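Structure provided below as structure tokens; questions to follow.
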Amino acid sequence: MTKNVLATGLIWLMAALVSGVFVWLLSDILIHGLPQLSWAFLAEAPENSGRSGGIGPIIVSTLLILLVAMVTAAPLGLATAVLLSEFTRYDSIFGRLVRRSLDVLAGVPSIVFGLFGNAFFCIYLGLGFSILSGGLTLACMVLPILIRTAEEGLQAAPNDYRLAAAALGMPRSAALVHLLLPSAAPALLAGLMLGVGRAMAETAALIFTSGYVDRLPNSLLDSGRALSVHIYDLSMNVAGGDANAYSSALVLILLLFIINTIAMSLAKQWLYRRVVSI
Amino acid sequence: MSLSRADRQLLALLRGCALLSAVIVLLILLFLLRESWPVLRQVPLLRFVTDASWHPVDGLYQLTPMLSATLYSTLGAVLLATPLGIASAVFSRYYAPPFLAGLYRRLIELLAGIPSVVYGFWGLITLAPLIGRLHPPGVSLLTGILILTLMILPTVALTVDAALAAVPIAYVRGAAALGLSRWGLISGVALPAARSGIIAGIILAAGRAIGETMGVLMVAGNVVQQPLSLFDSVRTLTANIALEMAYATGEHRAALFVSGLALMLMVLVLVGTAELLFRERRYD
Amino acid sequence: MNEIEPVDKTRMNESYTLGPLQAGPPCCDPEPLIRVDNLTLHYRKKPALENVSLDIYKGCITALIGPSGCGKTSFLSVLNRMTDMIPDCRVSGKVHFNGKDLRDPALNVQGLRRDIGMIFQKPVPFPLSIRRNIELPLREHGISKQAELNDITQLVLQDVGLWDEVKGRLESSALALSGGQQQRLCIARALALKPKVLLMDEPCSALDPISSGVVEDLIQRLRGKYTVVIVTHNLAQARRIANYAGFFWIKDQRAGCLIEFGQCKQIFEAPVHELTAAYVSGSRG
């Protein structure tokens, strides 16, 4: 009996500790980040290595990098997921090979993606330190997440649709476009949001691919500094950059929170639809 | 299999895409090998642990300090995050009242999404000075371990939570019917039943800790040395790459790619082990 | 829906309209449309159906009866090649439809499934509007003129007795229909493709008694114009609607097989095989 009481106390204590630390972290960033936060901060260019001024060009670069990553990874991921879930038997050799290599890809550390991106996109393909290189590197990184969520979404689409469509003599592609993809759409979007979140949080893979330049990029072949890289640079390499680093961190967390919330509500809506449609 | 012409065209396109997705991993391995070849070709592997020091410009490639920093920080973080993560999952599943459980789970999910650079920044500004007061310099192995713990805790908590959710309700009911106390039920029935899921979660978290770069880089001090105490500054393999890639050329650069290759292999072994464990459970 | 063009009644009469409810064999023609010879079907290594031989007669309703798991549904799936969708499913034996080999790998399966439609136990309306449910497969088969689509939609919905119930809400979701309405929509959707044969896998068993009765009447009206093969667990229903009946049974706890096939009346009133007699009298199965 005492053991039971002890365990209860200990578990509440640990949960309180975990929540406490995280509340500390979040409130610390909120308290120190909020004072500098303003529309001007979001729009202006950084000055004096980022100590003053805002993060306008950095937000633009971040969004461009995300855009490149998603525009590349989303179709590739969707196509791969469709192949795996609709056209490949689970245990076929090709399917197994693709799945296995995606599992491995999902485990690759982000710094290794950085090395690869630098060697392959920047140097081998000659894209240099650029938004394109950074975006493509991130595309490789988020691909497994996109594929896994899309595959789960498709597999949860009612098999009745596949059978009924086939019984009506419709090609699989028609069933896919008109029935399966729409019914998996919230899951696909939720996966996309998860991928965007992961990409936006990434730093190590971007340092040697998209670079440090904090000017507004003129093209995708220009170097552009992502928000996360900006935070890193301000806190490590710029003395007196902490105040703006706090605000940038707050902006990053807020953006991720929004994306995460969208993903969750999409996933929930999808679950709900699945429940009511049965 | 009977496919119409439209289907066959689509299939060809999909196969191409899937092949491309699958080839990326090979491409990564290939380029890591290609870039590390200049060093791998002439330096025997043993020298990475027997050389006098890490001075790659002078052809000295001692990686042990970085390897042990990675090892210690991962080990420490896993040791701390495992009980906390399991407790978190148990808390939200068996102890917390429903509204608190939902809130707590949401908090953990939120934390899983916080970027490592933010953890690192917070650790540098807030945690390191506190530890520095205890024992300077503050940026140390201990700070690295604590930050890593926070970063991998959500991974442990969420996988354990999923594993607990998969425990058949009949087991729990059966145990409750025997009059077991709540802790008796959890420690005697629920956690053992979720064992393989928990182990897999810990391994995944360890993989994440090994591969983590920014969080540790920003708080661990980055001195290349064999740590003698928790308060020594250390530099992990990942931090070493991130710090030196900016200016490394020639064989120095190749040596960094060698450490990248080593990292990738370590993570692959861990991921493979976790997968094997899950696989076994599936066939139980 | 107001701009429906005047319908060419003669053409439509020929292609879609079912005509009055008729009972009994008059419009049933003892000419075999599908001939199954020595059909055996394996899932993985396990046989599911062994040595089934029977003829499906044109314009008739053929009922397949027997306990669950004796391969009736598998048998239906062979007839429209839905077995292609099941991995590790192996079919041997001869199946001919209209003289064509149904198991020919080069056969145009999409075309075959247009000729041989299938209705499932659970109604499967697509999550689209009522109109789109009927138009989608038609468009896939190359009918794209809106006027033509409108005509067909109206006619098939009239055929299944759904037109008056839904004509005001063709654009609303098919998922909002009741179970019986959904099943009739699925039948209408299949009829829109002008099939020659309809395979029905327990089409009434997921419905309430009243809807079930409506669907049963509809199946009666399909006789003559369409060839119907229906799997049913409802012996009374089989007896009411079928011209021919086949009795399946699991032999030696192993694979399903056809015990007896014949005129419906004979199967129910003068079964030859003792298993059939026991089953239709309700003492076995």
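Going in written order, the chains are labelled A, B and C, and every chain counts its residues from 1.
Just so we're on the same page, a contact is a pair of C-beta atoms (placed from the backbone, for glycine too) under 8 Å apart; a residue touches a chain by one contact, two chains touch by 3 or more.
Owing to the predicted nature of the structure, the values given are computational and were not obtained by experimental measurement.
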{"item": "Distance-maximising chain from subunit C - centres being C-alpha averages", "value": "B"}
{"item": "Central chain (by mean CA position)", "value": "A"}
{"item": "Between subunit A and subunit B, centroid-to-centroid distance (C-alpha), Å", "value": "17"}
{"item": "CA centroid of subunit B to CA centroid of subunit C, Å", "value": "56"}
{"item": "Distance from the mean Cα position of subunit C to that of subunit A, given in whole angstrom", "value": "48"}
{"item": "Contacts with 2+ other chains: residues of subunit A", "value": "171, 174"}
{"item": "Multi-chain contact sites of subunit B, meaning residues that touch two or more partners", "value": "4"}
{"item": "Sequence positions of subunit C contacting 2 or more other chains", "value": "109-110"}
{"item": "List of subunit C residues in touch with subunit A within their complex", "value": "80, 82, 85, 87, 109-114, 117-118, 120, 122, 124, 126-128, 136-137, 140-141, 175, 186, 189-190, 193"}
{"item": "Of subunit A, residues touching subunit B in the complex", "value": "1, 3-4, 7-8, 10-12, 14-15, 17-19, 21-22, 24-25, 28-29, 75-77, 79-80, 82-84, 87, 94, 97-98, 101-116, 118-120, 124, 140, 143, 147, 171-174, 176, 197, 200-204, 207-208, 228-229, 231-232, 235-236, 242, 245-246, 249, 252-253, 256-257, 260, 264"}
{"item": "Contacting residues of subunit B [partner subunit A, same complex]", "value": "3-4, 6-7, 10-11, 13-15, 17-28, 31-32, 34-35, 83-84, 87-88, 90-92, 95-96, 104, 107-111, 113-122, 124-126, 150, 153, 181-184, 186-187, 207, 210-214, 218, 238, 241-242, 245-246, 256-257, 260, 263-264, 267-268, 270-271, 275"}
{"item": "Of subunit A, residues touching subunit C in the complex", "value": "89, 158, 160-171, 174, 178-179, 182-183, 277"}
